[in-house]
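Next, two complexes with subunit A in common: one pairs it with subunit B, the other with subunit C.
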Partner chain A sequence: MREDSKPSHWLTVALLAPTSMWFLFMLILPLIVILVFSFGERSAFGGYSGGFTLEQYANLPSRLKAFQNTMIIAPAGTLLSLVVAYPLAYFLAVRVSRQYKLILLVLVIVPFWTSLLVRTYAWIFILGGRGIPTLLEFIGIEGVRLINTQGAVLVGIVYGYLPLMVFPIFVSLEKLDKTLLEASSDLGGSPFKTFMQITLPLSMPGIATGSMLVFILLMGEFLIPAFLGGGKVFFIGNALVDLFLQSRNWPFGAAVSVTLVVIMLITVSLYMRMIMRSKTGRDESLM
Partner chain B sequence: MSKSNDDKPISAKKFMKEFRRYQKGSVTRRHFLGVTGLGTAMAVMGTAVPSLWSGKAHASGELGDRLIFSTWPNYHDQANLDAFTAKTGVNIQVNAFGSNEEMLAKLQAGGTGWDVFVPTNYTISNYVALDLIQELDLSRIPYYDAAANNPKFAGPATVNGKVYCVPKNWGTTGFVVNTKKIKSGPKSWKDFFDVTMGAGSGHTIVHDYQLTTIGAALCALGYSFNSIDAKELGEAEALLIKSKPHLFAITSDYQPGMRSGDAWMSICWNGDATQLHNDLPEMHYVIATDGGEIWTDFYAIPKDAPHLNAAYAFINFMQDPNVQASEAAVHGYAPTDSRAIALQPSSLASDPILHPAENLMNGLEFGAAQTLTDPIRAEVMARFKSA
Partner chain C sequence: MRIYAIAVFLFLYVPIGIIVLFSFNAGRHASELRGLSVQWYGKALSNPFVGDAFVTSLIVALSVAILSSLMGTTAALALQRLKGTPRILFDGLIYISVMIPGIVIGIATLVALVTVFDFLNPLLASIWPEGVKPPKLHMGYASVIAAHTLFTMSLVIILVRARIAGMDRALIEASMDLYATPWRTFYQVTLPQIYPAILAGFLLSFTFSFDDFIISFFVAGANTTLPIYIFSSIRRGITPEVNAIGTMVLAVSLFLLMTAQFFLRARGNR
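Right, the complex of A and B next:
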């Protein structure tokens, strides 16, 4: 037995080596660099100069608005994506006949073949003055301004992130045992009750995964607010781009990054605990 | 290849057959690429993916096959860039930037891969101090004629007696007004901000560029465009933040917004104003009575430019007075080179947007070197954007 386990031990190490290296060099080390930078000072020409100061962290309140925007729009965007994605995923998983399923699924992915940048640029024209507002003028609604508003950013977010939400929910609904639905209606459950007590709880893993994917990416989003917010709807991601690529204040940028990472860790672990708790609760009740 | 073959694409079966022949060496690579259409496809992709395009095919192989060029939006005639590629086989990858600070940040971080870029007068001495650009070997730019360039504009190219760049164009920074929408005729930066927070609320663009946006606010308050005084900058920041809810956008790429009718007024460089005015006569350019910027842009080569030969060839090509004149006809910025000005049609040479009367320019300032690196200006701009 022992001799058998030896080669598999080496195999495990060999298989894990690339990921471990990746984590070490692309995640852990850069995080340490950022942490060190965040206690430094901005050098005279911009960039980083060594030192130990808490000045950067003390300056965080000056980016309060960007943190607020992100903390409000990222969850709102996640929720909106969920509301739009769920019926679509349900339709694809439960209602569509087999022969069309694949085609429709491919259609959900097709936009991913084009860069998000190009697709977001297209929205500038759709939401801009010559786009939807001109159409609205035809039916007598004038002076509507869509582009460079929070609404425009939300539209861009839902559009860009929808597939990330659709697929996990689709997968969990696909696995759904249809006989449970029949059993529920046989026992006199209304469609609404069946949905609330069977379909929704069983698709929770998909909802949790999808929301997580979208939320985490949204917290670092900068492209959509830059394009559809016109520099007026400013995310923390935009503040970071600005600090590194315009005002060249690396230490402060590092401090903002560290803060963002901490906020993410707290939010995500709270979210995980909530999901875990509801899951174990359900498992127990099933027993 | 016969005509009939050209009309329809190759079938999968034929493709595989030709591929096998090519693999076995029965046909040449050229035949294979030609008959399968891959050659044409590669030629088309060549501009987008220059590395696929074999540079050896060109006689002037020592220039390499590509050049990475960082410049500003709406600042070139694509026909001239194409002509350079056709002449030399060097494909140009163009990056557009909205501020000198953005260019500096990239160069400071290193590894840009840029061969040529377009810095503005006030940045040159900083780039030299930071050792980010190289001294030019003017013998490799025979089209450049120092004597033909007005020293008022070309001066900043020389630092400590060494020439680091050659002039591209000069211009002014004022604002453009859509006179169909704004009828009050704003004349100054003070008017600009009053209209922004009044009749034009929701329809003004300011640059995503500390020099011009903070400069405009400073002028509106009666201070110097170049101020780095903490108190004056504090007032400018307050004015900008107060006006922010009334802005349409903060961006240096303001033509799309102005053209779509979403924006009615924008901080503007004079050549962009010419481009807008040519297409939409209601667009009027204003040199503010309370100040603003006069500037020269240059061609410079970063210290670690990977395609140095191509960089010199490109700069020399762009210094050709004929090219300069045809560039100016498209982008609307005045050349600094008297030979190029002489080649311009008289309508352009006397154009008030390109060549404003001297008395209008009295209040304008060249950007000052310290504004590029001043930490307060950088932070004021960053705070304004995230407010």
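Right, the complex of A and C next:
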């Protein structure tokens, strides 16, 4: 290292000190504490008493339903969001004139930054007794129950996380070289073939990013199942709120959260590997 | 395709519209619209619990926004000079704190802080002078602010870093060549260029903190923020008053978002 860079080296350390403290005390340490707790035992008052036991992990099947629901509905919700988001992202990136593009994109993103709580409870209204079911009664369809079903939770998911899916796909489609599309159609490629062979593969990074963001957030979701699942469709997040704030079984709750994080890490790394592999595969085929 | 886009936009905005519409309901029941009135806004604003929750949310969000923009900006500037393993470590931590679900942050913070407080409180009591009531550490403002700041600080780092990457480095070199001190270069060249990103980061941090429910739910202790108040009210049943409060919450974040958007777009005019 050069002599004259010494002071600026200290400045770098000083500037990073508060942030490092935050990462240490608000992220790393708490995660370690949770890990330690998950191997402990529950004390008489519902707190933690030290020790090393796998009892909490052995107890995980008692919350199997929450894990099952999450592992089924989170991927399904991600896929559904993708299916709804893709055409919109495509429309915004390819079909809309430059002048309106930005404003329309902002209109998609804005809801994501407003209260998910308020937006989700709007659906209690819409799907609840006096919402859509009442409208259906007018046209003669009776006894439809929408709220507190898996379908309601899925609608809430798509509604809540659509902006997060649209944005990365839009970005990757926006970067797409439009002349490639023209070349393909000039060479007699059908619109479908052009889409399958050019547009879709080139927008893969956006699809991957969007799906991963939505999936990770869904794994920890609490509000949507709490409001629209009505105790029938519940996620790991709902089990965690119960374990930490109601039944106060902290060591078991810690084991559930550690398991959640581990499942998340495994799924995400598998997913990343899959994406990487399909990418290198394509690069080779191009050569 | 255009019809599809319109349908999706309706899907995104009709539920918000419904909340707003029903908040002006003159009737006493949430689900029956009986004429328009602003009476529920009056009810909500004169409800002392709503007032307290609003003030709590405001204090938390403002502290979070100030802390995040200060720490995020300094960190983003310093990270420019960092290389090798420390850089990778920092990037990893920034990435993790943005990606990790709020519920995990809430739980981990709750468990860690309660453990630390249970350890420190007897210690404080033992060293405190006789006759004076020793302070008792507990979950409250500080824990919510600290937990929110973990996410928002990383968000500011990402925003400011993107701005620095797009910055004209020639200007900084010119300033150095003209013998400006590093501080002066920062103040007169770097800061004016990155300030839209800092302001946008400030506003987004405020919005995130103001709207957050799940982290606050775990770590706010006895304090009630506005989202926690709305959540517990909904548990008791939806009333037009809740709709009025919800509409006000939406209005606050919409206003801040528009302002943030304005500052982020200032980039194009330079």
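Convention: the second predicted complex is superposed on the first by the 262 of 287 C-alpha atoms of A that agree within 3 Å, B and C clash if a C-alpha of one lies under 4 Å from a C-alpha of the other, contacts with A are read in each partner's own complex, and residues count from 1 in each chain.
The working rule: a contact is a pair of C-beta atoms (placed from the backbone, for glycine too) under 8 Å apart; a residue touches a chain by one contact, two chains touch by 3 or more.
Computed from a prediction, not measured in an experiment: that's the story for all the values here.
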Should A:Val261 be classified as contacting the first partner (subunit B), the second (subunit C), both, or neither? second
Just to be sure I read the superposition right, which of the two partners does A:Leu11 touch: subunit B = first, subunit C = second, or both, or neither? second
Output check: A:Arg42 vs subunit B and subunit C. Expected answer is one of first, second, both, neither. What do you get? first
Touching A:Lys101, do we find subunit B (first), subunit C (second), both, or neither? neither
Does subunit C touch more residues of subunit A than subunit B does, or is it the other way round? C
Output check: A:Gly128 vs subunit B and subunit C. Expected answer is one of first, second, both, neither. What do you get? both
On the A-aligned overlay, A:Ser247 touches which partner chain: subunit B = first, subunit C = second, or both, or neither? first
Enumerate the residues of subunit A that count as touching subunit B in its complex and touching subunit C in the other. 124-125, 128-130, 244-245
Using the touch definition up top, name the residues of subunit C that touch subunit A in the complex. 1-2, 4-5, 8-9, 11-13, 15-16, 18-19, 22, 30-32, 71-72, 74-75, 77-79, 81-82, 90, 93, 96-97, 99-105, 107-113, 115, 146-147, 149-150, 153, 157, 182, 204, 207-208, 211, 213-214, 217-218, 227, 230-231, 234, 238, 242, 246, 249-250, 253-254, 257, 261
Which of the residues in subunit A end up touching subunit C in this complex? 8, 11-12, 15-16, 18-19, 22-23, 25-31, 33-34, 37, 48, 84, 87-88, 91-92, 95, 104, 106-108, 110-111, 113-119, 121-126, 128-131, 159, 162-163, 213, 216-217, 219-223, 227, 237, 240-241, 244-245, 250, 253-254, 257, 260-261, 264
Per the touch rule, the subunit B residues reaching subunit A in their complex are 99, 101-102, 104-106, 108-109, 126, 129-130, 202, 208, 210, 244, 247-251, 256-257, 260-262, 373, 375, 378-379, 381-383, 385-387
Residue positions on subunit A within touch of subunit B in the complex are 42, 44-47, 62-63, 65-66, 124-125, 128-130, 145, 147-148, 230-232, 234, 238-239, 242-249
